[in-house]
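Here come two complexes built around subunit A, the first alongside subunit B, the second alongside subunit C.
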Partner chain A sequence: MSTAVQRRETSAPTGEPAPPPWYATDLAARLSSYVFGLLLWIVLAMAFERVPGPDEVVVRLVQEFQLGQVFGHFGTTMFRFGLGLLVAAVGGIAIGVLMGLSPISRAFFESPVLVGLSIPAIIWAFLTVMWFGFGWKAPVTTVALSALPFVAVNVAKGVLGVSRDLRDMSRAYGVSRARRIRELVLPAVTGYIIAGVRFAVIIGWNAVLLSEWFGATDGVGFRSRYWYDANRFGGFAAWVVLFVVFIVILDRVILERASRRAFRWRDES
Partner chain B sequence: MARLTVDDLCKTFPGSGGRPPNRVLDNVSFDMQGQVFVSLVGPSGCGKSTLLNIVSGVETYTSGQLDLTNDEGRPARLGYVFQDPRLLPWRTVVQNMLYVQDDNSSQTRDRALRYLDMVGLANNTDYFPTQLSGGMQQRVGIARAFSVEPDLLLMDEPFSHLDAITARGLRENLQEIWIESRKTVLFVTHDVMEAVQLSDRIIMLQPGGRIFDDITIDLPRPRHQSDPKVATMQAEVLGRLESMTGVNDDVSQAAPTGGAP
Partner chain C sequence: MSTGVTDQFPGGALAAWEQGEAQGRRALRQRQARILMFVLLGWLTMLLVWQWGSAQLPGRVLPGPWPVAQEMWEIVASGRFVRHFLTSVTRTFMGFGVAALVGVPVGYAMGRSRYWRAFFHDGVTISGTVPALTYAVMSLIIFGISTIGPVLAVALVSTPYVALNVAEGVRGVDRDLIKMSEAFGRSRREIRRHVLIPTIVPFVYAAVRLSFAVAWKVEALTEVFGGRNGVGFEIRREYQLFNVTGLLAWMFLFIAFMLVIERLLAVSERRLLAWRPQERAGI
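Moving on to the complex of A and B:
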């Protein structure tokens, strides 16, 4: 989406009116949204005793770093999240491509995927803890099962939208099925894959935290619960801030860049 | 080189939503073989493109027979030039050429580059299609079709979406490449001038999908639009086409066959 906007900006004729003043730019809007958020937080913290202010959260955050708690728990959670996401992406792309290419597999997978979409992460979190007990298997499975249907649905939609003209062309030339998937279908659905993975990141992150909250002895979810149980809102909020920052960086920096790279052929025109 | 035999071929699209079935090809029979350039000419809606799609295997037929083999009697390798270029937008020109090849050998690559050179795109091999003009994209489509060394080359109004000057350039270019390669070509067009300039033989289809006429064009190549012999032939073929549309009007008044969309 954002690529289209950028393209329009770069391809604007040079005779256009002067650029807007600094306060009317996208950047200014984005920054002021951050400032307003921070102000709102400060006001709420002053008004309610049980809302920790930014200052307290920062102090707690620094303490957590000093205690050496951040990297261990974060690393553990990252591993579980990454592994679960990988399973969800690979499985989701495979099922999505199948659903898009063959009506029979669509009929087969449609209901399971719909069921998967409707089961909340918390159900998987409970179930997997019951199945696997405490450890890495429960969170990884929770992430994979919660995120996979979203990837599959998106990819299937993308495959169904692959240009009929290009498919006919490939058939007339007798291009092999493997090559068609690699060079025609996958590039055509890249946008859908990225959209699906973005969904999967948000949902998977929820899933891993929930799962650790109930069924782990380490990780970000576990540490958040530790502070929650200790009735220390500052420590709890410090972890919330940590993973919000993480998700924003992941989405903005990594996925956004991947998307831009994938659509190089569009931008260079 | 290929041999194509079409016998009593019929194609009827099933009617939907209460409309009657639509017959687009009606007992079409012809055969062609060897180093020959054959054009299928007729007004739009006479089933020319459908016939091409049937030959390429993208479309099925309702009844009749179709036999397409190469010189060794095996299934023929096809090249196809469409009305629009149909290039993968996320692949460069040379990658698009390689996409349709059977192997990735350096010979294959050289052959692809040679045909790109023949259509005048030797310096644009690493461009993405969106960076080329419509005419250049269509040139890639033509080079691609020749580069698979097809037994039979199918072309579906390849110049109809281009402006007149670009189309003329590409037509000349196609003629040169054909003289050099002498592939078996089945070429669909509604442009009589183009058909006469390029073909050895013109098969005329009338609305409803029946063959109306089969004309041999026996003129030396290369042919130019300005050549009086070519112009005379064009006038003659055009005359026959006009007589056909007249005949068709009579037929449709006498017995509406529900064929023409």
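Moving on to the complex of A and C:
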């Protein structure tokens, strides 16, 4: 008994530190950061007349739900967002695989992808509105074109990372092509595809909002703009809360978990 | 037996070796030339697809590369390019200044204490997920149409990068170096000045380089929403005039400028930090 206590005391300065008191644990720190953020918001709302406070935003939020505006607009936007992402994923994976397989196709696609990465979403939003007018085509195209290069770059990185030695060895030992793809290429590439899709989701969400802001008559972006144009920043902030919460849950909770699962084989070793 | 050959022909092996070396170099040059050819082919294909698209589509929907190039030249020649890009890039770097002022202390705290790491963790990671539109419109609501709006948007976007990088830098500071300095009786101020700060500066620089593309886009976006000058304002104006040629011209200038600045930042980073052993190894 006493030796155990003694050992703990002597090992404390060199080995594991003592557990922190309750107010200094990680959980307490995180919670207090949220409280601090809320206080900061209240102070800002008091300092700047145009910044809506939390109370006003909550009232607006409840009102929007009661009016039945939330789910309709979210549904419309989700459809456009999903369709655009699908196009971006299919195109991006195809180009990424080509880029990863040979140095020549990599050289060929390098510049178009670099240009694509540099074009801001707002430019695609403007161009597609001028091309297609108001409707569903402009947001879908904006999402697809903004997100595609990010998927391509990540998939290319994954395909490049497949161990050449393992590939050569399995071929030398006569492992069938189907098994090579299933057990060697797919596990190595899946994580990078998910990483690419994560980028695409973040970029695409911003793109769909921008596109709807400038060129749609419904959807989340349109509704946010409606409040902004009406100079009712409380309503606008309520929608900001909605679309930020949505993307944070999608990215931090769902996609991060998927990404950790996909990279399990790598991180365990 | 095995040494006999080289003993007999002392120059022979050397010549063969040099020959092989030359052959290798030639093969490398050939491969590089082929790669370069395909890079050019990539550019050419892009231009051809663009030209083809503009011929297929009716009217002024998609002007071809040549009218856009002319428009670009006009923008540069009239001096509007220099004026607006200078405005925007100044605001971007002012935003970086604010981000460094806020991000360095935050990152320092995150690197040194577990409590602050947990405190800032959620905020720093979530802010990378928030759509850029939010930052642009938020800074507009706070400051209205002014020059401070874009600066705030850039600062909001790039502060997390600075904080995360500095935290990593502080955690990576050589503990032995600090212990040795203490053992030799250096004061806390001297340690900070000669050990901590030189370690942190490269990480701040890296954060600026990494976040430049994102910050530059957010800066332009804020000007689109509410600026009186700058690149974003010009892009917005061309959109409102329904001038696709002008929009594309500004877009290509925007991209070219961004790639040049990124390259400059990367080169100057290597120059400035050449004294660091890991940087030298990286070259």
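Worth pointing out:
Definition applied: the second predicted complex is superposed on the first by the 219 of 269 C-alpha atoms of A that agree within 3 Å, B and C clash if a C-alpha of one lies under 4 Å from a C-alpha of the other, contacts with A are read in each partner's own complex, and residues count from 1 in each chain.
Here, contacts are C-beta pairs under 8 Å (C-beta built on N, C-alpha and C of every residue); 3 or more make two chains touch, one makes a residue touch a chain.
A quick note: this is a predicted structure, and the numbers were derived from the prediction, not measured.
In the superposed model, A:R252 makes contact with subunit C only, not with subunit B.
Applying the stated contact rule after C-alpha superposition, one finds that A:F150 touches neither subunit B nor subunit C.
Legend: residue contacts after superposition of the two complexes on their common chain; A:E183 is shown touching subunit B, with no touch to subunit C.
By the document's definition of touching, of the two partners only subunit B reaches A:A172; subunit C does not.
Within the superposed three-chain model, A:Y192 lies out of touch with both subunit B and subunit C [touch as defined at top]. Once the two complexes are overlaid on the shared chain, A:P103 sits against subunit C while remaining clear of subunit B. Which of subunit B and subunit C touches more residues of subunit A is settled by the count: it is C. Partner subunit B is touched in their complex by these residues of subunit A: 165-166, 168-175, 179, 183-184, 187-188, 265-266, 268-269.
Here subunit B touches subunit A in the complex through residues 53, 56-58, 77-80, 82, 84, 86, 88-91, 95, 99-100, 128, 130-131, 148, 154, going by the rule given at the top. Across the interface of their complex, subunit C is touched by residues 20, 24-27, 29-30, 32-34, 36-37, 44, 48, 50-51, 103-105, 107-112, 114-115, 117-123, 126-127, 130-131, 202, 205-206, 209-210, 213-214, 221, 228, 233, 236, 240, 243-244, 247-248, 251-252 of subunit A. Those residues of subunit C that touch subunit A in the shared complex are 31, 34-39, 41-43, 45-46, 61-62, 114-116, 118-123, 125-126, 128-134, 137-138, 141-142, 144, 213, 217, 220-221, 224, 232, 235, 239, 242, 244, 247-248, 251, 254-255, 258-259.
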